[in-house]
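I am attaching a structure below and will ask some questions about it afterwards.
Labels A, B, C and D are assigned to the chains in the order they are written; within every chain, residues are numbered from 1.
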Amino acid sequence: MNIALIGLGNMGLGIGQNLLRAGFSLAVHNRTQAKAQPLLDQGAQWAASPREAAAGAQLVLTMVADDNALLAVCDGAEGLLAGLGQGAIHASMSTVSTALVERLAARHQAQGAVLLGAPVFGRPDAAAAGKLFIAAAGPAEAIEQARPAFEAVSQKLFVIGDKPQEAALLKLIGNFLLTCVIEGLGEATALAAKGGIEPKALVEMLTGSIFNAPVYHTYGKLIVEQQFEPAGFTVPLAAKDNRLVLQAAEALNVPLPFASIVRDRFIRAQAQGMEKQDLSSISKLARVDAGV
Amino acid sequence: MNIALIGLGNMGLGIGQNLLRAGFSLAVHNRTQAKAQPLLDQGAQWAASPREAAAGAQLVLTMVADDNALLAVCDGAEGLLAGLGQGAIHASMSTVSTALVERLAARHQAQGAVLLGAPVFGRPDAAAAGKLFIAAAGPAEAIEQARPAFEAVSQKLFVIGDKPQEAALLKLIGNFLLTCVIEGLGEATALAAKGGIEPKALVEMLTGSIFNAPVYHTYGKLIVEQQFEPAGFTVPLAAKDNRLVLQAAEALNVPLPFASIVRDRFIRAQAQGMEKQDLSSISKLARVDAGV
Amino acid sequence: MNIALIGLGNMGLGIGQNLLRAGFSLAVHNRTQAKAQPLLDQGAQWAASPREAAAGAQLVLTMVADDNALLAVCDGAEGLLAGLGQGAIHASMSTVSTALVERLAARHQAQGAVLLGAPVFGRPDAAAAGKLFIAAAGPAEAIEQARPAFEAVSQKLFVIGDKPQEAALLKLIGNFLLTCVIEGLGEATALAAKGGIEPKALVEMLTGSIFNAPVYHTYGKLIVEQQFEPAGFTVPLAAKDNRLVLQAAEALNVPLPFASIVRDRFIRAQAQGMEKQDLSSISKLARVDAGV
Amino acid sequence: MNIALIGLGNMGLGIGQNLLRAGFSLAVHNRTQAKAQPLLDQGAQWAASPREAAAGAQLVLTMVADDNALLAVCDGAEGLLAGLGQGAIHASMSTVSTALVERLAARHQAQGAVLLGAPVFGRPDAAAAGKLFIAAAGPAEAIEQARPAFEAVSQKLFVIGDKPQEAALLKLIGNFLLTCVIEGLGEATALAAKGGIEPKALVEMLTGSIFNAPVYHTYGKLIVEQQFEPAGFTVPLAAKDNRLVLQAAEALNVPLPFASIVRDRFIRAQAQGMEKQDLSSISKLARVDAGV
């Protein structure tokens, strides 16, 4: 299967390496060409544009920062849609709005191609290790065709439904719950600290008992060590995802009180110069409020 | 080691059975004697009062509903403190206020006894299986003396600190985080449902990936199946714990915005006749608000 | 002074009548011509398009529903900007986003015209009585030129600053505070009712003492009488303004926790079929939650 | 009518002066005798204890800090209840819990006396000027008997109901709404400031239009001038009232989301050393969060 990969940031790079390791023929494109070098060294072919990458690929994977970036990749004379062939599949792995996915799906369909929503859970280290989780939605047949590629880069593939925007929504929900874990731990460690309990003891208890999940391990550790730079995922990016989930929820008339609390944390963090910190840094604000 | 156990509800019963299985000599007391029968059948001795239970025991375990019940057990001519010998240890396993634990600790110390905070995580089935988690705090030596009993009823013992109220606080924090998981899942499943995603698919994705912890499995299942009766832990009991964590936090000047959101859920649930339902039933309110 | 008025809904109609009463020469335009009849009967001239209305006017007032409507009025071959002459003033009296006002101001300036932000406080009865409050911002000279028209339709004119978007922001802030009054009264009357106090007695006490302001009189009465239809200002319109203030605040990195609470009320109201009710109907939700 | 007044702080002093001015015979008592001097100079008689003050009075007014202070005044051999005669009236003007008022009412009734709830709105300057507002509840006949005294110290008397705790609740609700005004203005001025609008211009617009009520004038001015010391009413006292309204609401199963937001503001203010500041100082926190 000829695969194209567009978007070679921290996440895309790991995905590309695992595709190459699995023996796929891989064309790659990125706005900044220099980032492609590690993959070219491993045998990938450079494509000068999204159009060129898509032309001749049976499966195009995109992994970009946000709605604007995905639109920029898809649109225009040199865009992905200009190159995508009849029956080809575009699996969008980025975290983007449900509204955009819904609109793009119609445009793919109109030209005989297929859009899959295939966002991932996992930070750059999981991408590098081929240990992502993928939530895929779209036509079942297309998901099956893309499965070998998905399996090469993930430890588990979840099939969510037959509309690609459902996967986009599920990803936003997952990120929302992740920020709930961070805020919860922020409040919990603030209270623990003022009550004489070491945050480390608290997190060990939690992760050693009924909260024994990767999210609590990963974010519990960051919060205990107060190590928020370098960021795995910055505050503004997380704020964007928070905005997207609130927009999706508003469009469906769903109040999300926890998401509103988290929203105010992100806004406040940005008002106070924390733009370069990891999203888990919002946990500090509960401590600040408590005078820890 | 002679052990006494006071409080034979769903949790106490399981604890008692595991102590007997482990070969400890066990005296038991409960306000309603009938509940003691299964343990008496397995070899426990009946004690007519907390005082009588405590007399002659090196370790007294109490597992009761709330502050008032614990005070009722400790106080008075027939109370635990009237019977507790020099050097004896009282391990309070109930979820109670930090303020009460602090006050009781001083009273134990004044008569040459020791109070440990030793609250547990786990529902009645975990108690029956000897699979509780225990968070113990208090004088290190006393914790070591009590360790064999703790190990007989738990899968893991966490030593938190040297003041018993620290364990009480940690338990309240744990319960707080658990309610955050429930509220988060309530909001998440409401949004998923309105967006066309089966709550079951959402929960499977979560528990199959980075949210793979017992709390998400246990409560995700209850929420997906909307099965809130019979209750493992009722709304009013959970509301009490929420009140305790907010009081402890207020005494330490720690704002807990998530706990306030959850507080309003519990109050609303009680205003609407949900007193007999499991605490996880508050997840319904997010769906109601979304018109699911 | 030749004045044009575009947008003849409940608010625009009252404004137009007061301009005519004050003796101004008035051209009017509305998407639906029929609504113009009362003003034409009083001597206004019909203009077939925003462009035609603007041509020859020294001052154009617009009073439309939202950003899209204002853009539709301004843009295109038949739009307001196509007709607006050198040195002419456009006073936007609608409640719209600060971002749109900022963009439009630049476009006006580029063609030698001036945009004023001049949103109003008051419901249709105040517009009919010429008793609106106007918050104006923009170049001081232009405000002075428009003053006679503003005074003909209002009881008071506040000059806020020299950038038109400041008036737009101030209007959003005012509407935000108004929704805080409604939510506050909703919670307060729910508590009063459950505590045996007639909501009417509560509101009389408030408005007879330190809360003696029109907002408490107006909304207190609606809430006491639970009369939410016909709506003076519907839930979806108020939800739109709430969205605008949250967007403006987000752009400026300002958390608004009260606005988030109100946001969830509006979303919930819309999830439950309250779209035709007055914005004050969100006060019911506090009562519903309390089981009143 | 012989009147006794117990509690001679900022508020009680003003009340006493107006009673003397109106010609009432007045016995006074205060924990610290020195504070009574201004009233003794104007003709009041010193009573050595609450009991002595109550003995011989047809009407006893109490104006103390909180529940504990009111209980301390009422209880014991030298307490108010020990002195209060058959048919005498005790009007409690303090802001205290509804639960305490309900309990005390029963004790008054049991000895043939009457308790009125008669809390006041207004700050010390209003007390000094005889311009308080009084919300009275209890047996109608007793309210009429006390009316001349109430009128001597207030500009308006509101009769709320026939149970004294209803007045206590109404007072708590009024204070709650007042804190909503403060928080609302805090958020509003933070947003205005970041958007280029002078907080002063905002407050002038509000108080010059539909928010033209004493609360907005009083607190708007304090917030614009950022003058929070000396405090008219300190953060810890306001936090206490917030606690009382939340407790009353919890007992009646009424969620109050706005009160929870305000609660976190008060807790945070106390965590950050603002105990001596006026309650309006919590408005600063919205500005801090916005990085103003």
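A few points about this structure:
Methods note: a contact is a pair of C-beta atoms (placed from the backbone, for glycine too) under 8 Å apart; a residue touches a chain by one contact, two chains touch by 3 or more.
Computed from a prediction, not measured in an experiment: that's the story for all the values here.
Set against the C-alpha centre of chain C, every other chain centre is closer than that of B.
The chain pair with more C-beta contacts between its two chains, of C-D and B-C, is C-D. Distance between chain centres (mean CA atoms), chain C to chain D: 37 Å. Centre-to-centre spacing of chain B and chain D amounts to 40 Å, using the average Cα coordinate of each chain.
Averaged C-alpha coordinates give centres for chain B and chain C that are 54 Å from one another. Shared contact sites, meaning residues of chain B that touch two or more other chains, fall at 249, 253-257, 261, 264, 267-268, 271, 289-291.
On chain C, the positions that touch chain D within their shared complex are 98, 121-122, 133, 135, 156, 158, 160-161, 163, 165-166, 169-170, 173-174, 176-178, 180-181, 183-185, 187-188, 190-192, 194-198, 201-202, 204-206, 208-216, 218, 245, 248-249, 252-259, 261, 286, 289-291. In the complex of the two chains, the chain B residues touching chain C come out as 264, 267-268, 271-273, 289-291.
Those residues of chain D that touch chain B in the shared complex are 243, 249-250, 253-257, 260-261, 263-265, 267-268, 270-271.
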